[in-house]
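There are two complexes below, and they share subunit A, which is joined by subunit B in the first and by subunit C in the second.
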Partner chain A sequence: MARRPSPVVWLLAPWALIYGTFFVFPFLFSFALCFLDYNPLNVANTSFVGGQHFARLIHDENFHGALRNTLFFVVGTVPVTTTLALALAWLLRGPLPMKNVLKAAMFLPSILSVVVIALLFKLFYAPGGALNETLRVLGLSGHTWLTDPATALPAIMAMDVWAAVGYYALVLYAAFTAIPESLYEAAELEGAGAWATFRHVTFPMLKPAIGFVLVINTIRSFQVFVEVLVMTQGGPLGSTNTMVLMLYDTAFRRLDYGYASVIAYAVFALSGVFSVLAMRRMRAQTPAQTRSVPA
Partner chain B sequence: MIARRVLAAGLICAALFSACGKKQTESGTVVRFWQFWDVAVVAPIIAEFEKQNPGIRVEVEQLTWATGLEKIQAALASGTQPDVCELGSTWLPRFSYEGVLEDLTSVYEAERDSFLMWDSALYNGRVYGLPWVQGSRVLFVNRDLFRRAGLDPDRPPQTWDELLDASRRIGALGEGIYGFGQNIGEKYVLYKKFMAFAWGNGGDVFDEHGNIVVNSPAMLEALEFYLKLAPHSLQEKQEVLDQYFKTGRLGMQISGAWNVKNYALEAPDLDYGVALVPRPAADRGAHVSFAGAEMLVVFKGTAQKDAAIKLARHLQAYPQAKAISLAAGSVFPAARAAMNDPAFTSDPRIRVFVEQSLTSRTPPAHPGWIEMEEVIDRAVEESMYGRRAPRWCLDDAAREIAIIAARFERK
Partner chain C sequence: MKRAGRWLLLVAAVLLMAYPLGWMIAVSLRTPDGLSLRFYGEVWSAGPFDRYFINSLVVAAVVVTGNILFCTMAAYAFARYRIRGAKFLFFLVLSTIMLPKQVILVPLYILMQRMGLIDSYWALTLPFLVDPFNIFLIRQYLLSIPTDCEEAARIDGAGELSILFRVVFPMLTPVLAVVAIHTTLTNWNSFLFPFILTNSTDMRTLPVGLALLSQGAHSIDWGHLMAGAVISALPVVIAFLIFQRRIIGGLTTGMTR
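Presenting the complex of A and B:
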């Protein structure tokens, strides 16, 4: 009984307190909200509604639209960002002038606030903005990028790729530098060309890092919100309404916290499923395990 | 063992916090006031109040437009709401409906004729807010472009026909110059511009009995006219429209007083005027516009009800509302006294804003308005994008508004 708790407990306590208050508690509280009619202006009138919010989600056309837009965003940005990041990382490996400056420049968007980036791109896409002026100089006609329902979401996606690619390129570059040179020497001895070397040495060795990039970027992309809030608020005609934007509107404007929590759990479940799929595909494999060596 | 220690530590912390909280209430009555203006502007007004009311101390907190509403919601959920609070006219009806506001009908009965913009505070025959400051939208006209288009800059459009004609002529001046500005592609703005035409034409969302009339002939006529302006209009977000007007490429737009303040600083050479929103015809309809009003409310359950109402009335009174308005430069007092005060009538442009507010409307006082305004935005936007005939858009809007309204009929 007189045993004193190990100092580890005390060292962990501040973290545990913050984690409990700002993660575990809201996580459980919002789970409970999924089954309640809860409105912050009228907490006393909270009532249990069972699975009603879930049923509503299945039939809600607004949610279907938000789901479509979000999936389009994820499927349209994550592979592009990953491929571009891989290409940039590959380039960084080679002899390049001012490599450190390049690396710093690539990382720069990651330290900018998303709001700042979104405001800059709002100007960039505006009529008379940099993009349209460039097109004009080139003799091409401009476009109202953010007010055309067909181009608003792709425009935001392009911005997201630009803003995210540098960070992931550096992650992959770090993984590149960790590949032992001896593997390349062996490949060269075996007479492997550039593509075969990439296919059978570089790519398998990079798989864990690519898996990390895919998972992190998938989770982040499912949560796309600030960009849309700043640039289009979900418009025009709901073409950029995403799940988290809908969650935000449902909770803080419509004061329907129960339904908003169900949307939150839908986002959580979807990003979970996609992340697991991505991890399965990219499970770490050593070169010895890759058997698909062509004859 | 550990659990007990953590609990003890927690209790000590809680005791410390509550001690901090208590200390303040020991020195007489404390009224907590949350508002959105610069504290430096409000501070002298509060100091004056405290001087007149020894024994009452006011704690002012400034909310931000970005997160203020969430903070108020969180405070109400946890029972830590202030005593007096500023609320926008769009939000007030929902708060009235939820029963979290103190009934201020007695103040209304005493002050009814001294102030405009009571509408959003009315709910079920009772009054839950005091009109404080307000901002009407008016028609901005670029006088240079009027001259270039052969129009008389001293005679801005009075009627829909004149507005359409001026838009067409200015729009024909050349590439990159537009006659009129129409909001598109952003939330919470479009309906404010469209409803000015609808209201002016006798249209509305609800009639006096509360029936949904959003698809009435008067509404359809207003929407069809609004669409007639489209070929001569720049359809963009508000900030782009403001930018185009500032740089002399937009003939006319309906916007707010913040532009007057900005243009004085950023475009001192811009030759522009302002006018009342045009009416359907010289012999028909009215010069109606949209106004956003900032209302003062007292939250129910305050221990300082009398002091809180006293503070709200002090803030609402003309001298105080005037001081805030002049400092902000983008709003006007809700008090009728402003209509005869040279501070607001000597500048020909400012006078138009004050005059417009006499016929301006705030959004319908329905607790579901926050959702309904999105439905109206969407109906107008779908028509503007040519997705469907205006008639169908308005019929759909009527159906959706009925569904929203039904949800608020439970109580």
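Presenting the complex of A and C:
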């Protein structure tokens, strides 16, 4: 087939053109921007500033706050979402009445726009909203969840768990159904209890899927932005300011494109480091264990 | 745990998840003069959600068509032709899926501004016409089907163009369905890029228009806002209910969104 190379050119041309113009070029440009002082209103005065933006980032109190909030968000949501998703997936196994309805209901939040979800929860947490009304009916006092610096970020985190858990539960459920029944029979023959079976059969077999869930959820969570923009705009008192919100502010409100690019790379680097860590932990031992169990 | 116990727990979890959604619908329907669709009508024409809706529809249609066409062409080239360095190039491209999109946000904005395309359908569609993940999906599918039909057509003297569109294309229906669903969902719900790349009411898409409606007023008008939210979500929810099995299957085995 290689003797006629001409079709390859036009087959790849549209992709190469679009991908090159709107991804590769901006990507290389973003790298250059990290070392430039670039103001869109005064492009002629663009100057090379070396590592100045990086130095500024390290000492920027505002960035420290955003970094702290983002890390808190990631560390506080990803393990909770994964554990709950695992529990839901485990509950779903085997024949159940109305299983497809349950699966569809779980999946529903993940097809909604983050904007819709954020508004939904802005109302949910509002005075007179579902949460406060429910608390009132139960005889408990309500709270202005999104205007108290102590509760604003946790409230947004709870929303994120709500929005993400169903999707990951179904991913893990798919992995559950792929575990061969013979492994469970072998465990039963050896007299393993429910917990031992989960620990030594189910969990090791699920490790790759859990690793996948951890990685994509970590990458996604480091980019938390729309929720915050819609619900609190980073407030109150910067308590919900995240790295990507700061990136957006720096670029499109302060027009400091160079510094914004450096923040983008900080998000990239941190999510990369965290996902590699998650992947490492989950990959260890898996192949050996699956092979040592007779199928 | 007993089956009944598991089932009850699941139902409780699902009801808990549905609670905020139910509240949203209730608020959107509860007008000063009883239950009615008044907020929907008002937000539709004055929102102007009719315009946002059309924009979202046009953009989604163009982006899905572009992805189906261009990604199939590229995937076909990567799967069926031996190109030097193709494998390396392919995996290099694939690895960029992991890159946070925010990295290219600022330079893409500068580029679009320089090209004079800010606030146009071009800005809303061009950068999203070829999603590397779709190329990956189609290529994997192509590698799993035999080349017999293509060879037969080639012997019959068919040109490459007609082999691709008459022979290969029809065989790709299952994977193209996944591509179409995945692309529609991502695009319909996309906020950040459409938000940055447009600035007039006429060019906003549903998520962007909805977010702006929530920022506009001094005091929040929940009824209209929730009606707008339901309008934004309804098309994908209906599509989801129709193609449910395929969506859940495609997105959980394709394992990304």
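Basically, the second predicted complex is superposed on the first by the 264 of 295 C-alpha atoms of A that agree within 3 Å, B and C clash if a C-alpha of one lies under 4 Å from a C-alpha of the other, contacts with A are read in each partner's own complex, and residues count from 1 in each chain.
Note that a contact is a pair of C-beta atoms (placed from the backbone, for glycine too) under 8 Å apart; a residue touches a chain by one contact, two chains touch by 3 or more.
Computed from a predicted structure; not experimentally measured.
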After superposing on the shared chain, does subunit C or subunit B touch more subunit A residues?
C
Just to be sure I read the superposition right, which of the two partners does A:236 touch: subunit B = first, subunit C = second, or both, or neither?
first
Should A:39 be classified as contacting the first partner (subunit B), the second (subunit C), both, or neither?
first
Does the superposition put A:127 against subunit B (first), subunit C (second), both, or neither?
first
Of the partners subunit B and subunit C, which touch A:277 in the superposed model: first, second, both, neither?
neither
May I ask you to decide whether A:253 touches subunit B, subunit C, both, or neither, giving the answer as first, second, both or neither?
first
After lining up the shared chain so the two structures overlap, which partner does A:146 touch, if you call subunit B first and subunit C second: first, second, both or neither?
first
Answer with first, second, both or neither: which of subunit B and subunit C does A:94 touch in the superposed model?
second
With both complexes superposed on chain A, which partner does A:55 reach: first (subunit B), second (subunit C), both or neither?
neither
Contacts on subunit A seen with subunit B and repeated with subunit C across the two complexes:
1, 5, 40, 126, 252
Mind listing the subunit A positions that touch subunit B in their complex?
1, 5, 9, 13, 39-43, 126-127, 144, 146-147, 149, 152, 232-238, 252-255
Going by the contact rule set out above, which residues of subunit B touch subunit A in the complex?
1-2, 6, 69-70, 73-74, 76-77, 94-95, 98-100, 184-188, 234-237, 240, 243, 370-371, 378, 381-382, 385, 387
In the complex formed with subunit C, which residues of subunit A make contact?
1-2, 4-5, 7-8, 10-12, 14-16, 18-19, 21-23, 25-27, 29-30, 33, 40, 88, 91-92, 94, 96-97, 100, 102-116, 119-124, 126, 129-130, 162, 165-167, 170-171, 173-174, 212, 216, 219, 222-223, 225-226, 229-230, 244, 247, 251-252, 257, 260-261, 264-265, 267-268, 271-272, 275
Which residues of subunit C touch subunit A in their complex?
1, 3, 6-7, 9-11, 13-14, 17-21, 23-24, 27, 69-71, 73-74, 76-77, 80-83, 93, 96, 98-111, 113, 126-127, 129-130, 132, 135, 160-161, 164, 185, 188-192, 196, 206-208, 210-211, 214, 220, 222, 225-226, 229, 232-233, 236-237, 240-241, 244-245, 247-248, 251-253, 255-257
